[in-house]
Amino acid sequence: MPGGQLSLSTNSVVEDESWLWIQIKAEARRDAESEPALASYLYSTILCHSSLDRSLSFHLANKLSSTTLVSTLLYDLFLNSFSTDPTLRSATVADLRATRARDPACVSYSHCLLNYKGFLACQAHRVSHKLWTQSRRPLALALHSRIADVFAIDIHPGAKIGKGVLFDHATGVVIGETAVIGNNVSILHHVTLGGTGKACGDRHPKICDGVLIGAGATVLGNIKIGEGAKIGAGSVVLKDVPPRTTAVGNPARLVGGRDQPSKHEDVPGESMDHTSFISEWSDYII
Amino acid sequence: MPGGQLSLSTNSVVEDESWLWIQIKAEARRDAESEPALASYLYSTILCHSSLDRSLSFHLANKLSSTTLVSTLLYDLFLNSFSTDPTLRSATVADLRATRARDPACVSYSHCLLNYKGFLACQAHRVSHKLWTQSRRPLALALHSRIADVFAIDIHPGAKIGKGVLFDHATGVVIGETAVIGNNVSILHHVTLGGTGKACGDRHPKICDGVLIGAGATVLGNIKIGEGAKIGAGSVVLKDVPPRTTAVGNPARLVGGRDQPSKHEDVPGESMDHTSFISEWSDYII
Amino acid sequence: MPGGQLSLSTNSVVEDESWLWIQIKAEARRDAESEPALASYLYSTILCHSSLDRSLSFHLANKLSSTTLVSTLLYDLFLNSFSTDPTLRSATVADLRATRARDPACVSYSHCLLNYKGFLACQAHRVSHKLWTQSRRPLALALHSRIADVFAIDIHPGAKIGKGVLFDHATGVVIGETAVIGNNVSILHHVTLGGTGKACGDRHPKICDGVLIGAGATVLGNIKIGEGAKIGAGSVVLKDVPPRTTAVGNPARLVGGRDQPSKHEDVPGESMDHTSFISEWSDYII
Amino acid sequence: MPGGQLSLSTNSVVEDESWLWIQIKAEARRDAESEPALASYLYSTILCHSSLDRSLSFHLANKLSSTTLVSTLLYDLFLNSFSTDPTLRSATVADLRATRARDPACVSYSHCLLNYKGFLACQAHRVSHKLWTQSRRPLALALHSRIADVFAIDIHPGAKIGKGVLFDHATGVVIGETAVIGNNVSILHHVTLGGTGKACGDRHPKICDGVLIGAGATVLGNIKIGEGAKIGAGSVVLKDVPPRTTAVGNPARLVGGRDQPSKHEDVPGESMDHTSFISEWSDYII
Amino acid sequence: MPGGQLSLSTNSVVEDESWLWIQIKAEARRDAESEPALASYLYSTILCHSSLDRSLSFHLANKLSSTTLVSTLLYDLFLNSFSTDPTLRSATVADLRATRARDPACVSYSHCLLNYKGFLACQAHRVSHKLWTQSRRPLALALHSRIADVFAIDIHPGAKIGKGVLFDHATGVVIGETAVIGNNVSILHHVTLGGTGKACGDRHPKICDGVLIGAGATVLGNIKIGEGAKIGAGSVVLKDVPPRTTAVGNPARLVGGRDQPSKHEDVPGESMDHTSFISEWSDYII
Amino acid sequence: MPGGQLSLSTNSVVEDESWLWIQIKAEARRDAESEPALASYLYSTILCHSSLDRSLSFHLANKLSSTTLVSTLLYDLFLNSFSTDPTLRSATVADLRATRARDPACVSYSHCLLNYKGFLACQAHRVSHKLWTQSRRPLALALHSRIADVFAIDIHPGAKIGKGVLFDHATGVVIGETAVIGNNVSILHHVTLGGTGKACGDRHPKICDGVLIGAGATVLGNIKIGEGAKIGAGSVVLKDVPPRTTAVGNPARLVGGRDQPSKHEDVPGESMDHTSFISEWSDYII
């Protein structure tokens, strides 16, 4: 089970967090030394803080603040959430590791922490989701609105998101209220996990562990994208997709056919293989 | 005609606006009491204002201001437009009602007023459109640019938009200069109503009353999407779509076929049924 | 060769720049006179500056600054880059001309300079690309992050972009690290030039001179889109596209068929003809 | 009576205001043309506004706003006060005229409107005083606090100030709750009109028409400074000063002696003669 | 001994703080209800916080932040100082009580907390003094500089200030590095406790418990102002002043004469009697 | 002649500036290492800049900017002035040296550069004075107004100020249009160099080289304070003061008497001896 490796004991979570924070500070220190024009930015966002959760709370508060939602209030909110909830912190750690491991353009942990809008939006979403489950809905929705304005990423506070998730590029991602995303999932930009209309209740997709969803894919309705499945870029999916299969096209079809779809061995959410054997597929021959 | 119910007398418009404003204040008061961390935000945006147009002008001015376009100038511009033009105000009221009625994720009118970027961008667009028709084009375009930067929603000031319109999620919507959108239309995120190239003149789509356009759909050229038609998510449409029919796919085809397309009874722009009988359609079976 | 007309002598570049700056100031002066509410904006962004590179540096610095990356630092960075590198300035001039010539909604050069997020993101990208090639990667990535947040346009600092390029509407554009874009290319919003996964190395598309890529198109992998080719809106392309042909659909097919694709005479990146003979194609008949 | 010339009919007040506004706009236009670096400032503060009260409200709102008291709220407050109360506006006009007439360093009306902190603090005080008399004391005190922070001028909202008053340089002025200042008074910087301790009730000085109070003078207690009297710089005054006499020194003495003090003919608040016949006085001979 | 009543047990300090915080919240709630235009301000500064030290840290951080010293960093600094040091908190409580008791213009505790620049500067000074004693001098001096800019109050981080101190009006107060101020002292605006030149070492005044120093008084050198003494407004003092005596004038003389000065019974720092028996004194008869 | 040592050749000025800049960077680096909470501030204000004039321009621009006078415009103005005028730069260097040498509370050059409001106001004044002499008066006055608001220091752009000048504490200093200040002068806070009324023309004091003016002194009229003279704190001076004499009191008298005043040997503007032999004087014996 892809999510299994994340069930660490509390001790090892704390150790993991400390180790990562040491790497991040070392990276930032190296960058500050080589680039004085960036040193002020690196000190205020990373090097003057005593822990990862303080650095992240500071960075999110400054990015998401507005004239009417001032940064110090948001900082309090984030810091209180991250410092009291180890689950949030271990998800942050897993997301940092996932981004570093899967995206060849990610050159360092600090690069992800500071600059990846998908990573930042996801961490802020986890706080808004926590508020949502505590019935602090107006605050959750105000935070959601700031994330949508600032990052152009629209994740409803009700949506549940696992650990080790990579939102790559992330602009334009829309995820509905009753969507669920498992562990080790990778989702590209412009992906929609949408509802089917104005019916209330459970109406959004369930994305299982290890799934990869390509850029611009639209997945609609309370359907299940099975463990380790892959959705090709630009696909429109309105039906369940079985585990370890690949759906492509608009309307989406299973590679290999509905009855005996091809099955892959790897976990696409981790291997990030967007195109192999999709592009081999006859339909993709120009 | 779906737009018919909007032809209210001036009196009833004013009453409608007052009623709605009372609801919004009551919602905001309730939220401020239950969530002190949000009370400052709710007082500054809603509770300290004497009318809906003042609250909306304040909120838009703060969101759209920049270092070089200061908030007080924008506030003057918005307040002057909304307070002197009842048509703008009744469109605001109709949009608020439409959002509340059609989007199950919209929990209150104040939620829409404060947090829906599609709603806010549309109200700001109406002011830029008014400036456009008054030949104040540089100002209209500067406002348009701020809306595009802040909300990632790009509606040309020349575009005409009816009442009771819902832009759901709204990130990435692009609407061209000569596009026309009727009443009671619902448009999801990443929808493009684009031109056909560098020809001048009337070159963008005409969307009739009651149409629903799914996420990521691209509609290009001076074509007509008939009353109550439905465009599936991710579709690419370059031809007219008859009233009450459904077009899906890339390239788009009519559900039921070109010669005898299936016709639906409901008004998709209001019923918001994105998938029924599209997903039944054979092409959508994975 | 479409790019040929850009190989101007240094002298003529300077003359071209001066001529354009005079036009821009004249436009801004005219607009300031007709619209006092905009005069402050026009003076601070254009009329108080002595050259195009100062105006552009000022405008970008104010748009891209944040709480932790202050505007004066960014201004220094931009001004130093533009004032010392005539290549950057001639690319700016070519982009302004391209936008004015190809987009019928572009009413003036100053309109493009001030309000086109695609234009502004592209100029800022060129500075981040220059930093990237100078091995100042942390600064390049911080700048990239600001562009992605503010404009919702995500161009990796490593990507190479030619001159005379139009990013129309531009929201949601994603361009990967090893992508190359030639001269006189036009790219619409939501276009992805993406990689194929987590493999390192040269993994993104090469877009030749004069190409037009329609809204929402997704081009993945180290493939070549030949000179003067056209990619239809919403297409998903994973294979090379020959010069002067048109690829449409998801998955994309060549208009006219794989073996004897239709060839067009014009340069779509300049003519901006999005739909002709695509919409004539049988598949596009609804 | 010095204040007499201010009892104009409503008509002439409006005419006076219009005339002055025309001068101010002409001055600002001339300055904007000669100094492009200042044009943006002049357009946003003066030239884009349709009336003096709008310009003043805009300028005060921007100067006095803070993170927690946003500019648009203050703008509403100032504009509402000035536009509905002709008394406030005629006092503004009288103060502008007084400054221009009495201070040789004041080169234009627009110079005073934009740059004189004493003038600006006084206009903002008049609004806080109006709120005070309307029993809106918390708001009056919040405004008072902003004036004290921004201008280092501390005028209690309860203090009554006449028309045609010049606060020259003005930094450090402190005026207590029950102080009263007549018409055509001139007060230099660091002047204190203070109380006598913690007794409540009427406890601050009463300054009659035409008085001149020199820099750093301290006037304490419920005492009366008679019409046309003059208080020398640095004096400490704890007793009534008769009309048209001059008090100087610490402790203050009447020039000419207590029994037969010298009387001057001119109105010092208007003539601004700080030193003549003080410096002739034997005590001032070094 | 005036300071005696402050030697409370830790328990009673905590109780005192809680009691005061309850009063402050009640006052703020009452004001927010009666004045919606101020409610946003009151919620963000007081009502959304869970304790007095959080409210004060928030307020100081927002007031003292600048482009290069961002508010969230200052908030961390203040909150960390106040929350870990009960001495700082009990001094804050004593100052709030002193202001409310001694200044008839202080209408409520919340008025003092929000609006008294002397109170706010003093609380911020205590944090900078703490940093100074911890040898974190550059940070202490940066904070000192912000206090001097924002409030026009210049208290060197090295200066020691007791509890129950009132800085009334406070603009222009200057206090040097080796000055010491006892408990229950009241100091008016423009008061200088200065050094004697460029000699290093202990060179500033020592102000004993219960002293009152009037507006604009200048006290220079390492001299002692005895317990319960009173310095008249505008006095210049370069010699010790015995306990319970009154010094007035420039140069200062003791009321009653050097040899047998008049002695008062009350504690002027608490009674705030600025003028009685000074103004009776023959020299003050105009 | 005290100013003599400043007549350095251009070469040595440049060397002097370089040497000082190296010290300042070393100090800032040491402080950044010992205090991470301040490192961001030190990098953005000092360590990321390549020269003293860039650092100073950056710091002044950020301090003096406002909503309507944006920081990048001010930065351009300052940088252009300092980088093209070596006289301005050598005055900056001399002022930094003077502050460090004369004020025992000044712990480093960087401390003065960053935190001394008197130093910063003086450097900004020199730029506004330069504009004044270039007949760019509206800009000079707008800058003057910002200095007066931000630092509570009011120096008219017309005033001429020499080199090696120390404004200690500086809050409340007011200097009129036709005042002239020589080299190596030291001026404390609340000092007024004022005019005599509304007469135009040359009407303000002339302060010769090496003068020391104590806190709160008021000097009025076109009088001459002779070389090396000393004005006691709180004095009010309306007559010429001979060289190397001391004037004290309100009204001011010469120490030693009018006819044979005591003469001192040292240069008080450099020795900063505020009180010796003033406090010995009989009048100062309490």
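Think of it as A, B, C, D, E and F in the order they're written, each chain with its own count starting at 1.
In this section, contacts are C-beta pairs under 8 Å (C-beta built on N, C-alpha and C of every residue); 3 or more make two chains touch, one makes a residue touch a chain.
All of these numbers come straight from a predicted model, not from anything done at the bench.
The pair A-E is the one among C-E, A-E or A-B whose contacts match those of B-D for more than half of the residue pairs. Between chain E and chain F the centroid-to-centroid distance comes to 28 Å (mean Cα coordinates, whole Å). Separating the CA-averaged centres of chain B and chain F is a span of 59 Å.
Measuring from the averaged C-alpha position of chain A to that of chain F gives a distance of 56 Å.
Within chain F, residues 37, 40-41, 44, 48, 62, 67-68, 70-71, 73, 76, 152, 171-172, 190, 216, 234-235, 250 each touch two or more of the remaining chains. The touch graph of the protein chains shown is complete.
On the side of chain B, the complex with chain E involves touching residues 32, 36-37, 39-41, 43-44, 47-48. Within the complex formed with chain B, the chain A residues making contact are 66-70, 73, 76-77, 136-139, 141-142, 144-145, 148-149, 152-154, 156, 171-172, 174, 176-177, 190, 192, 194-200, 203, 216, 218, 220-221, 234, 236-241, 247, 250-254, 258.
Those residues of chain B lying in contact with chain F across their complex are 67-68, 70.
By the touch rule above, chain D contacts chain F in their complex via residues 31, 34-35, 37-38, 40-42, 44-45, 59, 62-63, 65, 71, 101-105, 107, 111, 114-117, 150-152, 169, 171-172, 188-190, 214-216, 232-235, 248-250, 271-276, 278-279, 283-286.
Chain D meets chain B in the complex at residues 40, 44, 48, 54, 58, 61-62, 68, 70-73, 75-76.
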